[in-house]
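Shared between the two complexes below is chain A, which pairs with chain B and chain C, respectively.
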Partner chain A sequence: MTAERPPFAPGPGARGLLPEGFRDLMPPWAEHEARLTDRLTATFAAHGYERVSPPLVEFEDSLAGAGFAGAPAGRLSAGAAPMFRLLDPASNRMMAVRSDMTLQIARLAATRLADRPRPLRLSYAGHVMRVRGSQLRPQRQFRQAGVELIGAEGREAELEVIALAVEAAETAGLDGLSLDLTMVGFVPALARGLGLDAAAAETLTAALDTKDVGALDGLDETARGLGRGVLEAAGLAEPALARLLALDLPDEAARLARDLADLAGRIAADVPGVALTVDPGETRGFHYKRGAAFSLFAHGVRGALCRGGRYRTGGADAAGTDRGPGGEPAVGFSLYLDTMLQGLAPPAPAETVYVPAGTPRAEAAALRGAGWRTVNGLAKPGDPVEEARRLQCSHVLTDRGPVPVSTAG
Partner chain B sequence: MQPDEPLVLALPKGRILKEVMPLIRAAGIDPEPAFDDDDERRLRFATNVPGLHIIRVRAFDVATFVAFGGAHLGVAGNDVLMEFAYDDLYAPLDLDIGHCRLSLAEPDPAGPLGHMVTDAAGDTPHNVGHIRVATKYPNITRAHFARHGIQAECVKLSGAMELAPALGLSRRIVDLVSSGSTLKANHLREVAVIAHVTSRLIVNRAAFKTRPNTVGAWVNRFREVAAHAA
Partner chain C sequence: MTAERPPFAPGPGARGLLPEGFRDLMPPWAEHEARLTDRLTATFAAHGYERVSPPLVEFEDSLAGAGFAGAPAGRLSAGAAPMFRLLDPASNRMMAVRSDMTLQIARLAATRLADRPRPLRLSYAGHVMRVRGSQLRPQRQFRQAGVELIGAEGREAELEVIALAVEAAETAGLDGLSLDLTMVGFVPALARGLGLDAAAAETLTAALDTKDVGALDGLDETARGLGRGVLEAAGLAEPALARLLALDLPDEAARLARDLADLAGRIAADVPGVALTVDPGETRGFHYKRGAAFSLFAHGVRGALCRGGRYRTGGADAAGTDRGPGGEPAVGFSLYLDTMLQGLAPPAPAETVYVPAGTPRAEAAALRGAGWRTVNGLAKPGDPVEEARRLQCSHVLTDRGPVPVSTAG
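Entry: the complex of A and B
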């Protein structure tokens, strides 16, 4: 792992190599992913979420900010976000490839759909591109699917969205689901309540995020004690919340802790069949969220397959409040399809029947009508069975109808 | 939840293993006898706890196995954690064993390599723009010098860093130091401590979230054991 080495760049000899983080989805996985997308968006539609499909590329100023730590907490706002950028030769303006779709939905809600009654329920599915992958998830292009419930305050809206995320993952076939809850804003509130300076607050945040007890050593005794308490209050919801509520937290942090306990209690009652954990110290990946936030994990899947939570759609106005244009309370989630595929059984190979050249078209159509996939012979082969085998068909059409190639001739 | 999938605990080979085993045993985990047999070629061992396996790997690899979810729990020094900075590792417990420090060392001016220091008398971290260091920890080393505004060029070695100055690879090394006797034997002296190192219980983040019953219970168990030992 010498980091002296420049990033791997394929030389001219390595034809057909893709850039790091990009990959081809091959049969049968490409179809599997497409079906998964359909199943997810069908679940969203069944709950009254209308599908929108914004473009892959927009002017950078309308996309900047997504997932960028420099954006003010709790707002989708502009900033020098790391995004793929390209110059639009037509307008001479900078464009960017979306790294998240939530911002685009927020733009639609604030502009074209501003007059629609609230709450507004929208769903989406599409590819996003990231400038960098992470160590464990190197993908730089992947598909997301999700919903946004816009213009709704309150716990009921959060419960609807969380229950829908769980239902979507269950319907997709994932098992052993576990839902991890946090309250974005808890850690900053704790740091403020303890009167920590910026550097100490950062130490506390990093230590709690990575559950690194050693990293708390640089803090004063009170902060270290509470930090340790919060760090130990992560895990199965019931015991962890009991530990969290027993801590002597500063006012604002204590309020958020009670809020987290309330949310967990409501979910335990409303969304059965999912293991519930809490992690008040979690801040990762929730850059523009605030308030209730969640991640969904599943058996056999490395890392979170879904993240979501509460945020505000609008940018700040000149005074820095959220009453800027389009500033509405919203809650939503994104499912990561590449991650979900890890936890799903590989698709069964499709049954395909080889239809020798010269077979009437109506006959092949009848087979398709009966659910077969047909592979049309273009030229009369010597032996149709051999040809079916060569083309990797499971069956061959004979006078007796489709016959498995394994038993035919 | 799938109770059938075994939980894997990754332990580092070598020096730390001797210190960590009393804690493992105190937590109620007894590996099968082959674990203590030095001639045993297997790397994965059953324990008296059903569904809990132990693997024995190199210290640096403990972090990698746990970060990628191959193992769910492990024991690793914070030197390894700092070097890799894996996003998906939790280090919720300091086991208070394996104490040493990660230090910068250079030739002892009073020793036979002293001329390397005196010849380059002006070459101090305060007035050079570029420094070459032999180390197993290029990321930590670069970050350490970067904090002082110096770009460090690292020569990555996997061991025997102490040879580097005498053989002209680099004047400085960054390595683990416990008693300092290896440095002394190689005519080097410790000039700065970059980090104090202890062994930590590490946990895969996804395992912590998806198997809160078992993984959480082991973290708590080790917490009790470590508190008792302290």
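Entry: the complex of A and C
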């Protein structure tokens, strides 16, 4: 097994066998991913987050995100991450395979866990599936792990979650971490404050999303100027925020800009060891978020390891803070395990000792008890050392105990 | 959270929210299941089984089991465990959600791992989905974990795998284990040896499967007598096998009966601590198996924890032993984690310490380093002890360190 092969590249003979975007995880990567999951969920548990495990499929309407604040009905299924649909012969209703787990956690918070004290701290790890891969993530099935802190407003809740995302990535062994912050709602507030009509607001949003200064040309002078200013206020947090706060922003946008600066200041003080950038014009990829949102990157790894932020667990229109249709304030994140694996060193091959046939079972058991992985000989080989080598074991059991095959025989 | 609630019973407010047979696994059971998975896969790894992780969906024809020895094309999908089907918009081909992982492991052995030395030892853990639940297992999604030993014939391979299944269940904490053995092919061999036509063979098979002596009445006297004899040869291994070997069986059936007795004798000698039963008339539930097959039960747990046995990884018709369409001899098992959880004591609630807001971050980190789970206060509470109690923490952090909330304040 070549540990050096990138874990998601198709191997010899694999081409055409699996649908596009689906992968076999091979040795030693499959074990590596399982251990990574364990390490992440152990970190979440140490911070008081309790694990839940919702099913892979639900009725389509519970997964469609219709109930999500800021997510127009069907937006998640139609726009953000289209879901595979299945007809359930038992109920004759459509089910969908989850494309995200946050919606399921919100459902649990609103139903089975409605009576638990707030804030509620929940964690999860599991596979999600998407009908279409993206250029950045061609995988159509991948593993997510994350937390949701539900029923908590305010900066402290955001800081707890952001610090936990960074700690989880560090504990997993990733380095060169950088955190990119934005404030979802800033761009719409800017468009509203400038009195832009729907078409002009769309032009502004698209130009800021694609970082395309030229696309601002259709706007009036004030909007063009502020659009340019916002584009220039992306990058390393300190100078970018200074530029952002110096802009003559409309009231609501100015308030959100100050909020972003406050959050960045708190992170700089409380979460050491992570580079901090801001991108106030960013709106893509934060589908049902509103308010503070973040992405975590690691040096040399393509794409975000983690995305998260603030949202509401409930209905799109209600403004209440109860656990009913209006939902609750929440903040959380999802780590993408496929992306994380790309940033980790290949695991060291496990040491295994070949145990020739006829060795008493207790002897092999004692080796395992001492931490060895044993490979049981099924028939007496001519030469145990040769057989151990053929089976790619690192050691062979001899009268003197396990001996490296490189020095044995 | 009531740890006492059976993990798969619907909780308050859950009724009607999820499709039948799909479940939320709640705290503390979700973490418990994850730990159980870890313990099982660690046991497999200690015996040299390398983990692989195939995707949840594949093209329907790779999962349909058409290539399996003993499994007529489509039998697995049509009869044993019907699979959910999905249209893949990328290829316009039908995909299916796996109802079993053994077929995927066989595919890996024949393709990406064709060049690895034999025997090949692979392990897996993952979810499977079925269109219909059964009376014994209403769940339509559950987790499996297991191993496949591929490219190995003979008794030693069977013993290694059976001993590993028992060790895995013991390590998981299950007790009162019993192992039920059968020899797939015995009933067809009996029918052939007796010269029964298709209808009579079906009558015999159904009568033996349902343990219905009366259903044998339509058969001739010899068949009726032997059918009765086989039904009486089920139960505790030693007396049942004595009865079976005393029957005047046709040659091939007699050979398989001796083979079953040999296997039982070896298990009795080599795998201590498990009660041994045989059921030579059993054919249900071993869909693509042929030869030795087994089920593992635990005292007080409804249904088998584990099923396994011998099969071939390749085509239904070819008789070769290569890795091509003829396939390779293999033996393996699947443990059913939902059933295993039913036999385990509820996990002890984790001890958590409430850390009042304003506590230096390093102090909470030190507690976690010492094994505590911390729950971070987000705002200064009036009374930290009262707040810890409200949040259902077992301890509260005071000047004297963590103090149980029961004795604090």
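Simple rule for what comes next: the second predicted complex is superposed on the first by the 368 of 409 C-alpha atoms of A that agree within 3 Å, B and C clash if a C-alpha of one lies under 4 Å from a C-alpha of the other, contacts with A are read in each partner's own complex, and residues count from 1 in each chain.
In the analysis below, contacts are C-beta pairs under 8 Å (C-beta built on N, C-alpha and C of every residue); 3 or more make two chains touch, one makes a residue touch a chain.
As the structure is a prediction and not an experimental result, all values here were calculated from the model.
Judged by the touch definition given at the top, the superposed model places A:Arg107 against chain C, while chain B stays out of reach. Contacts of A:Ala242 after superposition on the shared chain: neither chain B nor chain C is touched.
By the touch criterion defined above, A:Val375 lies against chain C but remains apart from chain B after alignment on the C-alpha atoms of chain A.
In the overlay built on the shared chain, the residue A:Ala366 is in contact with neither chain B nor chain C.
Of the two partner chains, chain B is the only one that A:Val301 touches; chain C does not reach it. Between chain B and chain C, more residues of chain A are touched by C. With both structures placed on the common chain, the touch criterion links A:Ser91 to chain C but leaves chain B unconnected. Of the two partner chains placed by superposition, only chain B is touched by A:Lys211; chain C is not.
Touched by chain B in one complex and by chain C in the other are residues 1 of chain A. The residues of chain A lying in touch with chain B in their complex are 1-4, 134-136, 175-176, 178, 180, 210-214, 231-232, 234-236, 275, 277, 279, 284, 295, 297-304.
Partner chain A is touched in their complex by these residues of chain C: 1, 11-14, 17-28, 30-31, 33-34, 38, 41, 45-48, 50-59, 62, 84-86, 88-91, 93, 95, 97, 104, 107-108, 111-117, 119, 121-122, 124-125, 127, 129, 131-132, 141, 152, 154, 156-157, 160, 163, 270, 350, 352, 357, 361, 368, 372-376, 378-379, 390-393. Residues of chain B touching chain A in their complex: 1-2, 67-69, 78, 81, 86-94, 138-139, 142, 153-154, 156, 198, 200, 203, 205-206, 208-210, 212-213, 216, 219, 223.
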